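To start, the structure under review is shown below, and the notes come after it.
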Amino acid sequence: MAEVSKPSSLNGVQPKFETKDLKAGFGSTWVLKGIDMKIPPNRVTAVMGPSGCGKTTFVRCLNRLHELTPGAVVEGEALLDGEDIYDRNADPVAVRRRIGMVFQKPNPFPTMSIYHNVVAGLTLNGERDKKKLDHAAEHSLRGAYLWDEVKDKLTNSGASLSGGQQQRLCIARALAVEPEVILMDEPCSALDPTATAKIEELITQLKKDYTIIIVTHNLQQASRVADYTGFFYLGKLVEFDETATLFENPKEELTERYITGKFG
Amino acid sequence: MPRLMDMGLDQLNSMLLEMANLSQRAVAASIEAYSRGRKEPEVKQMSDQLQALHRRVSDLSMEVIARYQPVASDLRFLKACMEISYGFFRYGRYALDITQVLDMFGDLKDCDRSDVVETAQKTQEMIRMSSEAFARRDVEMARRIPPMDDVIDRSYRENVRKTINGKGNLKCSMSAALILRYLERIADHASYIAESVEYIATGVEPTK
Amino acid sequence: MTSTIITGRRQSWRRTFDRIMKVLIMLSVAIAVIPLFLVVADVVVQGLPAISWTFFTKNPPSPLAGYGGILNGIEGSLLMVGMGTLIAVPLGVGAGIYFSEWPESRLSFLSSFMNDVLAEFPTIVIGLFVYAVVVVPTRTFSAVAGALALAIIMLPIIARTTEESLKIVPTTLREASMALGIPRWKTIFRVVISTGKSGLATGILLGIARATGETAPLVVTAGYLGFPPTGLFQQTASVPYIIYNFGTAGYPNWTTVAWGAALVLVAFMLILNLSVKFFIGRKSTGVRAEI
């Protein structure tokens, strides 16, 4: 199997996340067929490809969410700062605390207020100190560009916000746990263009403090937001490069055909 | 299955082919006028047409970029389109300039025009090759064009030296110098067009 | 050439046909509803005269000996339904949680067994089972036996509604919670159950309503007592039993007591059902449907 080329700008950079021959699937069907990928720290990396290419499965393997589906299977290694999260002795709950996730459809907890939604990751893990919680709530909501819009209605239900605000609430909720990596599974696909633009802007700010991996089927979104882009097809990583290079001058014929729309 | 932007891309391609044809004929006509001492009034018309086409190509390229967000080879093609159409437009403009030299200087029957005509033929060969390289996206042919530029450059500099040294009829040497200058510029543009053709295919700008 | 406009005559025939059908349907609705109305009306009319403060504070009278109350039945029903609830709720909710959160497990077939078989089981048979298993060895009717029978009746209802309420909670909420690094059991109790709690409450109330009205199983497990409960392993009265026993005995004052008991029972059911509606009305899983 030909090696996927490595962008030269990443020479000597220690990857935040590195997968080695990562395979995943359900029952006897492999969806991911051996992925070797190095994800750089403090950058936005987009994972794109046609439906069924395995991009969502890949990202759900990175926070060990994939294995929660009955019948799911995973093989290979995924190294977070050099440590394999699938190690025999690794605690999945501890792994997931270091990695935040934002889902396709905003999913705030419907029975909780905005405030309690944001700090849910802390309170449900035993944190009781009101000062700490208040501080975390404000800090996270500011980080998600939502503080000004909700600071006077923190006790309102999480479900009372608009779609775009709910998604930012979910981002704040993920930030409150102070993860190192944030995974986003098509975070804007349920939102209108204005809300999408706000979140894309937020993503480019967040990368200063976090490593961001975003799944998207929207080529333009990947080209706007991502520093590096990986193109998946039928469970394999076809090409991985700086976004500008991949979109102006892709090295693989398959990539060229996909992004110019000459597929199928 | 054709994509939405294919219609725009096809239109651009035909316009460029038309410009290639037109500019070739314009330059040929202007050289004819010089070597035969005739007037060729349609060169002006062709030059104007080329200018109009260049503007249309520019506008349509911008429209395709704004509406369809092209990437990869499509995006490179559009960038090259605008550069290449500028090249063909310049061919026509220089052809017009050559006929204007003839208007200014009047009768050049007694001049030795063989040098210029020889250079002109080489230049026309470069024009023909640049047009064909574009039409067929022939990178091999495109790569052979820039070296030919050197020959034209040498010829131009030779002539300038001769003129400086004061040999020969002033009218003849001046008109020859001007026309060679225009031919030299045409050759440069042929090189640029060749580089653009290479860029569409490889995505790499060849370094000089 | 066929006309595209319906001509006058066909149009009026169609309208008449519509009207006839409408009347027929309204008639059938009325016919269906009238017996129900008559029952409720009868209960109210016959039962209201028996209602007074003493009705709730005195025990039933002797035959032909004047007025009384149903204190024994009320206390007995409260005791047995209460004990039954204490048994059935933890087991039922626990089963419902298990079936909902671990659907792939080998015991999940029990779920369909519960829903399809046990839920509609003839309650007299359940009563007979408890009779054989509890009453016979202890040689006495008892409140415990009655409570046990009621618990078995309530269990499938509570398990099924719990399972269904939790299944409705979107998977994405569980995933969001797990992704925050919240362990599974906390996710179930603090997120899933919290979201589905109105459904759970509904199920429990429905179970209680069902148990309160059951007569046949109590006849063969709890028996009857003329005064409030004296011990867990003693015979115990219940409101439905009073209706059964006093309503068919033939003594006019007893008949009044029976009708009064019927009215109390119907009123209690009504209150319970209104509470259920109240719980369903407060949407706890509503997410604003604005994208």
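All chains are identified by letter, namely A, B and C, in their written order; residue positions are counted from 1 within each chain.
By definition in this document, a contact is a pair of C-beta atoms (placed from the backbone, for glycine too) under 8 Å apart; a residue touches a chain by one contact, two chains touch by 3 or more.
This structure is a prediction, so every number in the text was calculated from the model and none was measured.
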Problem - Chain ID, smallest distance between chain and overall C-alpha centroids - result: A
Practice task
Could you tell me which chain lies farthest from subunit B when each chain's centre is the average position of its Cα atoms?
Solution key: C
Fill in the blank from the handout: Distance between the CA centroids of subunit A and subunit B (whole Å) is 51
Practice task
Could you grab the centroid distance between subunit B and subunit C? Build each centroid from C-alpha atoms only and quote it in angstrom.
Solution key: 92
Practice task
Averaged over CA atoms, how far is the centre of subunit A from the centre of subunit C? Could you give it in whole Å?
Solution key: 48
Fill in the blank from the handout: Among subunit B residues, those touching two or more other chains are none
Handout entry: subunit C residues within the subunit A interface of the complex
Key = 103-104, 170, 172-173, 175-183, 186, 190-191, 194-195, 197, 284-288, 290-291
Completion exercise
Listed in rising order, subunit A residues that touch subunit B in their complex are 219-220, 223, 247-250, 255-256, 259-262, 264
Exercise for the section: In the complex, go through subunit A and note every residue touching subunit C. Expected result: 63, 65, 68, 70-71, 93-101, 103, 105, 107-111, 120-121, 124-125, 159-163, 170, 173-174, 177, 190-192
Practice task
Name, in rising order, each residue of subunit B that touches subunit A in their complex.
Solution key: 1, 3, 69-76, 203-204
